[in-house]
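See the structures that follow.
Two complexes come next, and they have one chain in common, chain A, joined by chain B in the first and chain C in the second.
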Partner chain A sequence: MIWQLDIIILSFVVICGIAAITVRDLLGAAILFGAYSFMMCLLWAEMGAVDVAFTEASVGAGVSTVLFVAAVFRTSRRSKD
Partner chain B sequence: MNEIASFIIAKYNYWIYIVLMMIGLYAMIVKNNLVKKIIGMNIFQTAIILFYVSIGTKRGATIPIIYHGHGDGSHAVHATDYINPLPHVLMLTAIVVSVATLGVALAIALKVYRRYNTLEEDEIFTQIRRK
Partner chain C sequence: MKKLGLIIVLICGSLMLYGTIDFPDWADPSSPASTHLSPYFIETAMHDTAVPNIVTAVLADYRGYDTMFETTVIFAAGLACFFLLRRFQRRAPDVNLFRHMPTGITLRIKKGGKVPVDSSEFERIDSIWVPYDLIIKTTCRLLIPFILLFALYVIAHGHHSPGGGFQGGVILGAGIILYAISHNLRAAKARIKERFDAYMCSAGVFIYVGTGVLCLLMGANFLDYSALAPLLGTDPIMARSHGILIVEIGVGIAVMAVMICLYYNLSSAGRQDEGL
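So, the complex of A and B:
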């Protein structure tokens, strides 16, 4: 665990999380949530949890983003908040 | 004062986990859009996974794969040289459960959209009250 890398990735995680819930376009929110999941994957690879890291990379950053994008295309992209 | 500052700084992973958890809770309670609520639920789940993975880390330890695992003969394994893999295994299950709950939640949101033609919570409530 390298603490400099840890702090950089943790700040990216918090920024991506806040951006994913504040952006008004739902497609943009889905893509930002994918970036959030990928940052989480990097964080776990850096913390030594390699099995959790590649499960998150395939399931969290891959399948979740596909599900979100599919749901947004079947509904509407606009959001009031 | 110095002890308090070092206590806060030394456990920064846990503080970030609390911050992420509060971001998810805020999105679940305050946001009006159903997809935003689902994103908040996922952020909450990953915050809890971050807490559990932070429990297992050790200073100066390597990843939990035994170094001479396939060699001949037997070696003594020092448990302090390896990161604790038990929280990782628990959280592997939690990730799979979280993607399952995400699929169910998005399916319910799609059903709501087909019935009320909107994803905003207040518009759905006004349509329910009108009936």
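So, the complex of A and C:
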């Protein structure tokens, strides 16, 4: 574990998380969730939990983003609040 | 309402942070997990199961019961999505759009009009605007076999490297979803039909539970794969390794089918006629 790398990735995680709930465009929020998952994946890999990182990369950053996009495709793109 | 939500979130968050104060430090050698559990698995996993990747051994063998219900949860999620979204009323679309492939002209055929037969010349397209993109289609066609092959590798090689049923199954599903995105939903449904997909969902869980029941029938505990040694023709330790592989294949099939089911239903709002 390298603490400098940890801080950088953790700050990206927080930025992506906050951006995902503040952005009005739902498609953008879905993509930001994908970026968030990817950062979490990097964090797991960096902590040595490679299996969890692999799961996070395939499920979180891969398929769940696609499912979010598919769901946004069937609703409106703009968030109301 | 927003302020109330913020207050609730802050209270829950601070409670969770308060709860983590008692946790041992990261990689603390004197924590209970590092003094009792981890050394046991590190020392005995290789002798017991002949699986070098301890995570896989713990996931599918020592905690096989846990993973069985994880698979069941995923199966239940797919089932819930199906029951919530799937709509069976056939709604004949007002206009059908067809693309004449050699010229790129789009035909708009109203209800009752003569519809061209499905051939290489005419391709039915969705009612929302769908551009014809040769590059994306060709690239995905070239890429998908390798993605699927990699997924099979991830499932089969989970004993030695990171990976296993869940990851491999998700990648398998993602390969099919990529096909559905790059072509269209009907093309993907022609390859993997909904009924087949539903059978695969249950088949995956059935393989897992069936392996456990087979162990019971052989006179051992539920999911004690060493009892399968006479059937597999190996010694009990290798039988545990093979048992893990069988179970991982079951997980992979179930996860793949559920991912495809979720995508089919989400992208077409349950009608499964046209989608992303």
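Quick note on the criterion: the second predicted complex is superposed on the first by the 81 of 81 C-alpha atoms of A that agree within 3 Å, B and C clash if a C-alpha of one lies under 4 Å from a C-alpha of the other, contacts with A are read in each partner's own complex, and residues count from 1 in each chain.
Heads up, the rule we're going with is that a contact is a pair of C-beta atoms (placed from the backbone, for glycine too) under 8 Å apart; a residue touches a chain by one contact, two chains touch by 3 or more.
Here the structure is a predicted model, which means the values were calculated and not measured.
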Chain B versus chain C as contact partner of A:L5, first or second or both or neither: neither
Which of chain B and chain C A:R74 touches, first, second, both or neither: both
Partner chain(s) touched by A:V59 [first = chain B, second = chain C, both, neither]: both
Partner, of chain C and chain B, that touches more residues belonging to chain A: B
First (chain B), second (chain C), both or neither touched by A:I21: first
Those residues of chain A which chain B touches in one complex and chain C touches in the other: 1, 47, 50-51, 55, 59, 63, 67, 71, 74
Interface residues, chain C side, partner chain A - complex: 26-27, 53, 55-56, 154, 162-164, 166-167, 170-171, 173-174, 177, 181, 259, 262-263, 266-269, 275-276
Chain B contact footprint on chain A (complex, rising order): 1, 6-7, 10, 13-14, 17-18, 20-21, 26, 29-30, 33, 36-37, 40, 43-44, 47-52, 55-56, 59-60, 63-64, 67-68, 71-72, 74-76, 79-81
Chain A-touching residues of chain B, taken from the complex the two chains share: 12-13, 16, 19-20, 23-24, 26-27, 30-33, 35-36, 39-40, 42-43, 46, 49-50, 53-54, 56-57, 59, 61-64, 83, 85, 87-89, 91-92, 95-96, 98-99, 102-103, 106, 109-110, 113, 118-120
Touching residues (chain side chain A, partner chain C) in the complex: 1, 47, 50-51, 53-55, 58-59, 62-63, 66-67, 69-71, 73-74
